[in-house]
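One structure coming up, written as structure tokens, with questions to follow.
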Amino acid sequence: MNLSATDLCLTVDGVDHLKDVSATFVPGRLHAVIGRTMAGKTTLLRVLAGLQGVDSGALTRQGADFLKTPVWRRDTAMVYQQFINYPHLDVFDNVAFPLKRAGLARDEIRRRVTDSLARVGLADFERRKPSQLSGGQQQRVALARALARGTGILLLDEPLANLDYKLREQLRDEFRTLFSDQGDTVVIYTTTEPAEAMMLGDVVLVMHEGRILQTGSPQEVFERPATTTVASIINDPPMNIFTGRIGSGQVTVAGFQATHVSAHLADLPDGTYRFGLRATDVGLASAGVEGEVTFVEISGSETFVHVAVGETPFVVQIEGIHDVALGDLVKLRLRPERLFAFDEEGTLQRTPSYDLTSVEGR
Amino acid sequence: MRSRLYPVFKYTMIALWACFVAGPFFWAMTTSFKDVNGVQGGATYLPWLQYEPTVVGWRNIFGGAGGVDVMRPFFNSAVVTVAASAVSLVLGSLAAYALSRYRFKLGFIKNSDIVFFFVSQRIMPPVVLVIPFFYLLQWTGLLDTVLGLVIVTVALLLPIAVWVMVDFFNGIPREIDEMAMLDGCGPFQTFVRAILPNSLPGLTVAAMFCVVFGWNDFFFAFRLTFTEVQTLPQAVVALNSSIPPWWTLSAAALFGVAPLILLALRVERYLSKGNLSGAVR
Amino acid sequence: MEALRRHKSMFLLPGLLTLALIIIFPLLFTIRVSFSGWNVSNPQLDFIGGANYTAMLHDSRFWASITRLVLLAGGTVLIQYVIGFGMALLVWREARGRRLWRVLFLVPMMTTPVVMAAIWQMIFHESLGPVNDLLGMLGLTKVPWLTESGPALVALMTVEVWQWTPFMFLLLLAGLLSLPKEPFMAAAIDGAGAWRTFRKVTFPLMAPVSVAAIIIRLIEASKLSDSVYVLTSGGPGSATETPGYYLYIQGLRDQQTGYSGAMSLTYLVLMIVTLTVVAALLARAFKLKGAS
Amino acid sequence: MRNSSYKGVVAAAIVVALTATACTGQDPVENKPDKPALFKPGSEISYSKYSKSYPRTKVKDVPGPCSYESISRKDYSGQTLKIISHAIPVIGEPTQLHAEQFEEITGAKVEVINVPFGELHQKILTPLQAGQPAYDVMFYPSLWIGDMAPHLAPVPKKYLDTPGMKDVTKAYMDVATWDGKVVQYPVDGDRHYLKVRTDVLQDPKRQAAYKAATGKELRTPRTWAEYQEVAAFFSGKDVDGDGKPNFGSAEVTKRDDLTFSAFISRAAPYVKHPDVGGGLFFDLETMEPLINTPGFVRALDDMVKAKSTWAPGGANFGLGDEILSFGGGQSVMSYSWDDAFIQGQQPDGTIRNKIGAAPLPGSDEVYNRTTKAWDQKPNQAPYFTWGWTSAVAKAARNQDMAFDYLCFFSNEANTALDLTIGRFGVNPYRKAHFDAEFWEKQGWDKDVAESYVRTLSGMESSTNRVFDLRVPGVNGYMSALANGVAAALAGQKAPQRALDDVAAEWEKITGQIGEDKVRSAYRHVVALEDN
């Protein structure tokens, strides 16, 4: 029942859309594919769905060559970022469409449609046309259609991306229930939002420039990002990545004495490293690395202060509202025990021992 | 901001143009109720006041000596137009769908070249085509048959259908096709169940163009048929003699253009909704 | 959708092959016949080399008809564009009886050109037609509409403008109706007047539609012959003869099939080249204007 | 494979379609035995039941093989006769009318196609040349005989022996004959002659005024020079007091209409020298065109000068315009076929019985192409302009039925009625038609009827006749000629230059068709002229 991709490659006009992508997707688990825009997530889904061919590589399902199976026999449902529904059909018929194609009995169709519309909270909207619904409702219709079929593979391509913030949060929470019981279905969910991936994914795949950089449980990926790129992708705001030196028990950044070398880095030989530090682990202080404030963002109860230390940008996330002005010179305090250390190529060397309870939601 | 004179200007222009547009219909209408006495003395406009109206022109177009029988030509025109339009719409939509959704490459020939090939057929002057068509139909035994005329008319209409439909399909998100396929439709089912139902406005516009150009074709129908497939324009032109009976000619002309005027009334809302906009971009 | 490679030709081929079959034979036939002496009393595919083409080079009537067509088509299409655009603008938004006007303005293009040309022939009749009668009421002299070169050309252009302005109107109205609203709001906020809005917003936005509509009409106008046939028969003299009509005379009426084949091909090639060039020029001209 | 099965379906559909059409075709011709006649011998025949626009006139069915009585014995039920004819009404309307009658009395189904003049030649000839049995019976201008003859069925003896055929004048039997065989079925006799308003030309007051102005007697013009003087005198004057100006001359001048015939009428007396044979349009020996010789040029000069005497639009008159202009009283004189005259004599016409017929104007000198000099002698040359004729295609499925239709079309009763309806375009071609009494019965004044009959029969007895250029490709020659004439009338070319160009064009056409082919056809024409 596994869906296995081996060394999938696809190049279009000289740009790698997929590069040596190998992964195994297991039924009953939700695979969250996280990556920035253009990372190849959508392409991967389209290849899995059969909407897009590949240059090389293999795709097997239950041991059979899945690449040869045409789209309409792949037993796959897909929910698009852009709330795609059949404009000419009403909500009920939209959801019933695949069921009719599958040749189900009328009663069964009615039962399943009603059921899945109820699950997405659209029970009273059966006879509306998609154009008469809000964006969130349209996406629910698409979701209901995908769920109603009970397909072997369910693909969700950034289903929340085009919704406003509140709806997104609301639907995200609903998704957790919706996907909690997926039995034999391989669920693959792409997103650019670390929180979504962490919350929903049983397995997280990190993609960048057509490659899968890391696969693992959310904790694993979050705690042990294999590279600086992964580290930056799976954190929001992206993890601060900067170059520093370890020497004489001190970490030096941009010529400033930043902090002492914490225990988990103690066995590293002296030299130049790339360090990663989450925005929450940087603070403003009276002493430390000095930089200039370039931008201040206030979001709810938090303030994000963007600071340029020489060429290196930092984001500092602090509780409460702070009176910092553009152009101010500030000093950054780096929490030494939270430093991720990578070598100069960006490969993970040391991670901080992490307190799991601080990961949101888990 | 606008000056108060603007509405005056606006409705004056509209009225002037409306008069110009309606003029020939008015003239044909008034002439169709004249007879030789009403015509010979010079231009007259109003029945009873300026001439004694008769229905002789109208009677003459329904058979009888000295007139034409428009009913059979009407039927022929309708059959040929509907059949050729239907074939063109089917073949044209299929081809347009392919050209809108798939990429073709044959040497240096790409999609846009194929679209151009279709559309460029409109550039062919009918007079260039008609002689070869004559022999083509003769060799296939299709001269003077409805089928032969339909085939030839398809050549005229297919480019129009492709032109309108390619752009219309381009305006329908591809994701709908993809979703239909994911939902278990093969390519053909996808086209029929997911795309066509969403293409009704485009199909209406394409159908209207097909019907207009099919119905109004005189040249091919005239030269590729002998007696069996007289179409309406032929019946009207049969009255264009050295001494044309203007009243009968007018009545026949009005009868011949009436169906499409009724069509215009029915499809105006489709046309005005901007459904064509894709086709002109 | 590469997995569908196998299916795509299934959609394309029926239409493409049908058209190719219907079109390619006539083209080949015309090419072949243009090298033959096929005429009314010798209907055979013999081979006479390029004699037809040589004769054509010296056929001043043919070349005159081409020049005339360029002027006629260019002139009428320009007039159609201006009027069509004007009328589309007038009934685009708020206008009393908008639907009525829209339908009425469409009607002429729905009518059969040969049939309506017969009606126009009555209208332009010098002694029995209403045009001269109305001119007389206005105290103007009668115009020999169909018997003198200048008036005959005017009459012909009038018929063409009547018949096909609706097509222009339709395309331009469709274009106007699909314009985005934002630029107009922006212009309104800027306090732009009607004329400025038109010049800076409407016209540039309509440029692609305009180019397409003009090209489409030019293509159709290049075939102009039906109305010539009924209205003036190319007369007086050959003052209103277009290539389409001259080809008809040579190829069909006088059955100089071989010779008309040579002219047909030349005409076709000239039209394709001219229209391609015109299309490119128009696209550039409108783009420049739109940018300024 | 889906693909191939799909193609298979298409191929099968095409095959089915082709077979279907191929099978619906020719049924074997097997004429049924005669049925009882529907008419008693000598029944009264009238058209009034077919349309209100027909005169109430009744004539007797003249017994004979073509009569209503005889034809109504035939049983052609289940058969179809396909006919092509000119547009309605000229010749097209009688074709239709007699088709309807033929259907009624024989049970045949008759399909008539009416085609505008400009299309007729091509529409008939293309299928004939392609071997396509499109039409059984064809009506067309008789001068196309050179193009049509190879495809026509000779008239069987049975029909040649009918009394109606025997009564056809020699000129029109000649016109119907090709290579010694009668291949066309005469249904119309045509010629150009002069038509004048006698109420104007014979009005003493006007005669005096004319004399005062020009020093000459006002009379029916006998030469083209006189014609021009008279026309110029009346042009622009209101002669009938209706408040609108009248004009001198109405002529057919529209290029693609029948201008070439008008021009030949004007040229005839200048170019047809009674003592010079061997061709008028060509020198039969060398096949060199004579169309640019001084006689023709003089005629074109005349015609250009005549422009000032034409009504508005007169420079683009088709035959229909000419008919309405003279027949409606707008123009004082006109020359062409009978139509304008018959139109003027319509019962409700404004100039009924105010008109007269006369031979075409002649000339005071005639060009002698052998001596290349003008001979000073009065000359008249009647022009037997083409008229409508009919024929049966060799490929006609049922020749009997086709000829029976023509025989019925032209039976005495039908012809008598057709002759009186101007728009039918059927004109006297039998000796019996040259009878003033017949026309007086239609309400014509005696002198009108007599001038008409005298003019027509006078032409028959002339020995200096001009015929059309009845050779293959005649349309090409005539359209070249019309182009030249039109160019001169439009002022685009001087007459000599215009006709030089026509001559060059003619040589080219002759080259294309083949000199021998044209010569052997032209020989027949010359034989008629040089009688």
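Think of it as A, B, C and D in the order they're written, each chain with its own count starting at 1.
Definition applied: a contact is a pair of C-beta atoms (placed from the backbone, for glycine too) under 8 Å apart; a residue touches a chain by one contact, two chains touch by 3 or more.
Treat the numbers as computed from the prediction; the structure is a model and nothing was measured.
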Give me the two chains with the most inter-chain contact pairs. B-C
Of all chains, the one whose CA centroid lies most distant from that of chain D is A
Chain B and chain C: spacing of chain centres that average the CA atoms, whole Å: 16
Between chain A and chain D, what's the gap in Å when you average each chain's C-alpha atoms? 92
Averaged-CA centre spacing for the pair chain B and chain A, given as whole angstrom: 55
Interchain centroid distance [CA atoms averaged], chain C/chain D, Å: 37
What are the residue numbers in chain C that touch two or more other chains? 1, 4, 7, 9-10, 14, 127, 252
What are the residue numbers in chain D that touch two or more other chains? 119, 122, 126, 130, 257
For chain B, give me the residues that contact two or more of the other chains. 40, 135, 178, 186, 223, 237, 240, 244
Could you list, by residue number, the parts of chain C that touch chain B in their complex? 1, 4-5, 7-12, 14-16, 18-19, 22-23, 25-27, 29-30, 33, 83, 86-87, 90-91, 95-96, 99, 101-116, 118-120, 122-123, 127-130, 132-134, 162, 166, 170-171, 173-175, 177-178, 193-194, 208-209, 212-213, 216, 219-220, 222-223, 225-226, 230, 243-244, 247-248, 251-252, 257, 260-261, 264-265, 267-268, 271-272, 275
Of all residues in chain D, which touch chain C in the complex? 2-3, 6, 10, 118-119, 121-122, 125-126, 129-130, 147, 254-257, 311-316, 330, 472-473, 475-476, 479, 483, 486-487, 489-490, 492, 512-514, 517
In the complex, go through chain D and note every residue touching chain B. 17-18, 21-22, 47, 50-54, 82-84, 86-90, 92-93, 96-97, 100, 111-117, 119, 122-123, 126-127, 130, 132, 134-135, 257, 318-320, 323-324, 328, 339, 343, 348, 423
Spell out the residues on chain C that touch chain D in their complex, using ranges where they run on. 6-7, 9-10, 14, 37, 39-43, 61, 125-127, 142, 144-149, 229, 232-239, 249, 252-256
Could you pull out which chain B residues touch chain C in their complex? 1-2, 6, 10-11, 13-14, 17-18, 20-25, 27-28, 31, 39-40, 42-43, 45, 91-92, 94-99, 101-102, 104, 114, 117-118, 120-133, 135-136, 151-152, 154-155, 158-159, 162, 174, 177-178, 186-188, 191, 212, 215-216, 218-219, 223, 232-233, 236-237, 240, 244, 246, 249-250, 252-253, 256-257, 260-261, 263-265, 268-269, 271-277, 279-281
